[in-house]
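Each structure below is given as structure tokens.
Next come two complexes, and both contain chain A; in the first it sits with chain B, in the second with chain C.
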Partner chain A sequence: MNVIEINNLTKTYGKARGISDVSFNVEEGEIFGFIGPNGAGKSTTIRTLLSLIYPTSGSATIFGKDCIKDAPEIKKHIGYLPSEVFYYDNMKVKDLLKYSASFYKKDCSQRIKELAEIMDLDLNKKIDDLSLGNKKKVGIVQGLLHSPKLIILDEPTSGLDPLMQQKFFELLEEENKKGATILFSSHILTEVQRLCNRVAIIKEGKIVTVEKISTLKENTYKKFKIETKAPLDPNYFNITGVNKLEVKDNITSFLYRGNINLVMKKIAEMEIVNLWIEEPDLEEIFMHYYEKEA
Partner chain B sequence: MNIFLHELKAYRNSTIIWTISYIALIVIFLSMYSSFSQDAEGLVKILGNYPEAIRNAFGINIDNLVSIEGFYSFPLSFITLCAAIQAMNLGTSIVSKEVREKTADFLLTKPVTRSQILTAKLLGAFVSLVMTNILYFAGASLMAFQVKTDDFSLKIFFLLSLTIFFVQLIFMALGIIISVMVKKLKMVLAVSLPVVFAFYFVGAFFDTTGEEVKRYFTPFKYFDTAYIMKHAGYEASFLIAGAVIIFLAIGASYFVYARKDIHAV
Partner chain C sequence: MNIYLKELKSHRKSIIFWSIGVFLMVVSGMTKYDAYSTSGQSMTELLEDLPKSLRAVFGFSDFDLTKASGFYGMLFLYLLLMATIHAAMLGATIIAKEERDKTSEFLFVKPVSRNKIITAKLLAAFTNLVIFNLATFVSSIVILGRYSDGEAVNGEIAILMAAMFFMQVLFMVIGSALAAIKKRPKSAASLATGILLLTYILSVVIDLNEDIEGLKYLTPFKYFEAKNVMYGGGFEAVFVILSVVLIVGLSIVTYVFFRRRDLNT
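The block that comes next holds the complex of A and B.
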């Protein structure tokens, strides 16, 4: 079942670019990554899903309901964490969280305590006195306190130290295990790689691809680096799938995409000193999508 | 209900400060009444030498000046001016402060409709104004009883005081429509002060010509104190004009706010 279905969503701001024809689905129970650099349209898409802004054309459904028309109903089950959190400065953390909880018709006080403990958040401080990282923690607790079925995160990790980031990710994985679906927007690929099952890559307001992280990696090249005793004849690896062959003294390096056995046989026939085969990380895949059309 | 209470709390301090200021103002003014009433004739003579335009601009009405109600209409115009600023501030800030303080994302991702939010905020502002006026009237009438020399009509005193509230409602409605139309409002006072003063001076200026129609241009002239004292009531046409303005501005605000894009900060 699809928790989020986005159909040809378009939002234009006058002449400035927004998003155009964005379509993808997020299935129930998955952690879905939404990646792209700043200004690619991630926030625009998310803000439309939350009916903070209205689409120029196209539509989206969440839990099978229209995200504009049924917004209040949908939002009962959504937890949202924006990239920058701002709250009523003169309130105490405790009161802000209580205020937030008062919008959901259930008792969240126990969950608030638990979450605050996990995130190491002092509930008695004034929001005004909190550091950026601590405000972010308030945001996390605020987004999760009603045990939402769908968690929407818009570049959530900024301002969190690595330790807190780790705790936060564990928290998300735990929520996910309990059945929550997560839409995770980010431009930091390592965190997407760590958490997500599938990703949508957005570029200049358009979806470039929607793939499983594993497929994304399979379908791309591997990096080979071979050290030999003497410089290699550049024509030796003249087989299809080899790219960017470089021979530099005794080191030969190239990118390969295709049947791995072919290239392994070739290597087996040689006398080699050392061999490195590397998976490209998401970053390189990402750059690949970005350079392709550039 | 939770938004309403939150809003009410947010306005509490400013409401208290405004209310205390009005009461202080009226106490000071009314305390001058006893010495004034003794010298009334001399003063009336002096004031009579001022041009009528200036007297009208300050709300001085020679014929009624000697009675406490007539004396009251003089400070009333100042208090109405301040009260209009308070109401306009309130109206302008209810939507714009969420954008300015960047809390709109928090509120608008909660399971409530935009109309529910606006209604709760409107009610919060409305109740703040009602409280202001109740406390002010209590203070002002108590003071009037202290200083009165003759019997005076509490009804007329009340009707005069109530004009503050009507003017406030009009300016609050104007503030709301402005705040939902503008994309981002950096400073509430930068909007409310010029607007209120513009209407105030337009009122003072137009009044000199004495044409009835021109009174519709500024809410400050909707309630003529001389008329209220004479008839113990309001002019229906201006009451209707005020109600229409409030109704249109608030209706339009709902319409615009429900369709407005809330942009990231």
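The block that comes next holds the complex of A and C.
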């Protein structure tokens, strides 16, 4: 079952880009990554899903309901963490969380305590006395306190130190195990790589691809680096699938995509000093998608 | 209900200060009357010698300033200005502040419709207007009672307060409608007070120039003037209807435009 279905969503703001024809689905129980550089349209898509802004054309459903018409109903089960958190400054953390909880018709006080403990958040402080990172923690607790079925995170890790990031990811994985679906937008690939099952890559307002993380990595090249005693004849690796061959003194490097046995045979026939074969990280895959389009 | 209470709380300090302000305004105004009435006839004669335009600008052209109620009628204009400025700013900011303070990503992600949020906010603003009005009413009765010298003033005060209340609600919805329409809602409060001052100036200009009497429908400051309302004058039906139509119309504008707007971050 799809928790989120986005169909040809388009939002134009006068001259500014917005998004055009964005379509993808998020299945129940998955952690779905939404990646792209700043300004690619991640926030615009998310803000449209939350009906903070309205689409120029296209539509989206959440839990099978229209995201505009049924917004109040849908939002009972959504937890949202914006990229920059802003709250009513003259409130205490405790009061803000209580206020937030008052919108959901259930008792959240126990969950608030638990979450505050995990995130190491002082509930008695005033919000305007908090650092950026601590405000973010308020945002996290605020987004999760009603145990939402769908968690939408827009670049959630900015401002959090690595330890807190770790705790936060563990918290998300726990929520996910309990059945929550997560839409995780980010421009930091390592965190997406670590958490997500599938990703949508967005560029200049358009979806470039939607893939499983594992397929993304399978379908791409491996990086070879070979050290030899003498510089290698550049034509030696003249087989299909080899790319960006570079010979620098005794080091030969290239990218390979295709049947791995072919290359390994070639390498076995030669005298080598050292050999490195690396999986590209997501960052490189990502760049690959971007360069291809450019 | 939670939004309503939250809004009341966040405007608590402001309404307390405004109430103190309006109280001091009545006190200082009526203290002047005290000095004035003891100086006797000479002051009235002096004022009557002033050019008509100057008297119109200061708003004391049509009152018997030797009577406490007359003096209060003149003072009322300033109370009215305070009340409408408060109302216009409140109406605009209560709608616009979520976007101004970037808390819109908190509130509008909650499971409540925009209509309900607007209703809660307008009700909270309305409550503040009632408090402002009551504070003015009570201050006026208490202070004026000390100077009235047996003159029955409470009835006059009551009708003036009713007039003021119409104006407050009207300017509140002018503010809220502007905040709902404008792309940059931050500037709604200043625009609303700008409109307020402009309509006020227009009302003064009309006082100075009888040829443009017809323009009185354009400025709410002409709808319930103290000089017409007091001493048994009461409200003119056409202006009551006009105000109600404007209030209802602008409320609808607030709802319709706000429901459709793209919220800024």
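One rule holds in what follows: the second predicted complex is superposed on the first by the 294 of 294 C-alpha atoms of A that agree within 3 Å, B and C clash if a C-alpha of one lies under 4 Å from a C-alpha of the other, contacts with A are read in each partner's own complex, and residues count from 1 in each chain.
As a working rule, contacts are C-beta pairs under 8 Å (C-beta built on N, C-alpha and C of every residue); 3 or more make two chains touch, one makes a residue touch a chain.
Worth saying up front: this structure is predicted, and the values here are computed from it rather than measured.
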Field: Room on chain A for both chain B and chain C (clash or fit)
entry: clash
Query: Can A:Lys76 be said to touch chain B (first), chain C (second), both, or neither?
result: both
Task: Applying the touch criterion given at the start, work out whether A:Ile188 contacts chain B, chain C, both or neither, answering first, second, both or neither.
output: neither
- prompt: Is A:Tyr54 contacted by the first partner chain B, the second partner chain C, both or neither?
  reply: both
Task: Determine, under the contact definition given at the top, whether A:Tyr88 touches first (chain B), second (chain C), both, or neither.
output: both
Message: After the superposition on A, what does A:Ile267 contact: first (chain B), second (chain C), both or neither?
response: neither
Task: Take the contacts of chain A with chain B and those with chain C, and give the residues found in both.
output: 43, 47, 50-54, 71-76, 78, 80, 82, 84, 86-89, 99-100, 102-104, 142
Chain A to chain C touching residues, read off their complex: 13, 43, 47, 50-54, 71-76, 78, 80, 82, 84, 86-90, 99-100, 102-104, 142
Partner chain A, residues of chain B touching it in the complex: 2, 6, 10, 101-106, 108-113, 116, 259, 261-265
Task: Please name which positions on chain A make contact with chain B in the complex.
output: 43, 47, 50-54, 71-76, 78, 80, 82, 84, 86-89, 99-100, 102-104, 142
- request: Mind listing the chain C positions that touch chain A in their complex?
  value: 2, 6, 10, 101-106, 108-113, 116, 260, 262-263, 265
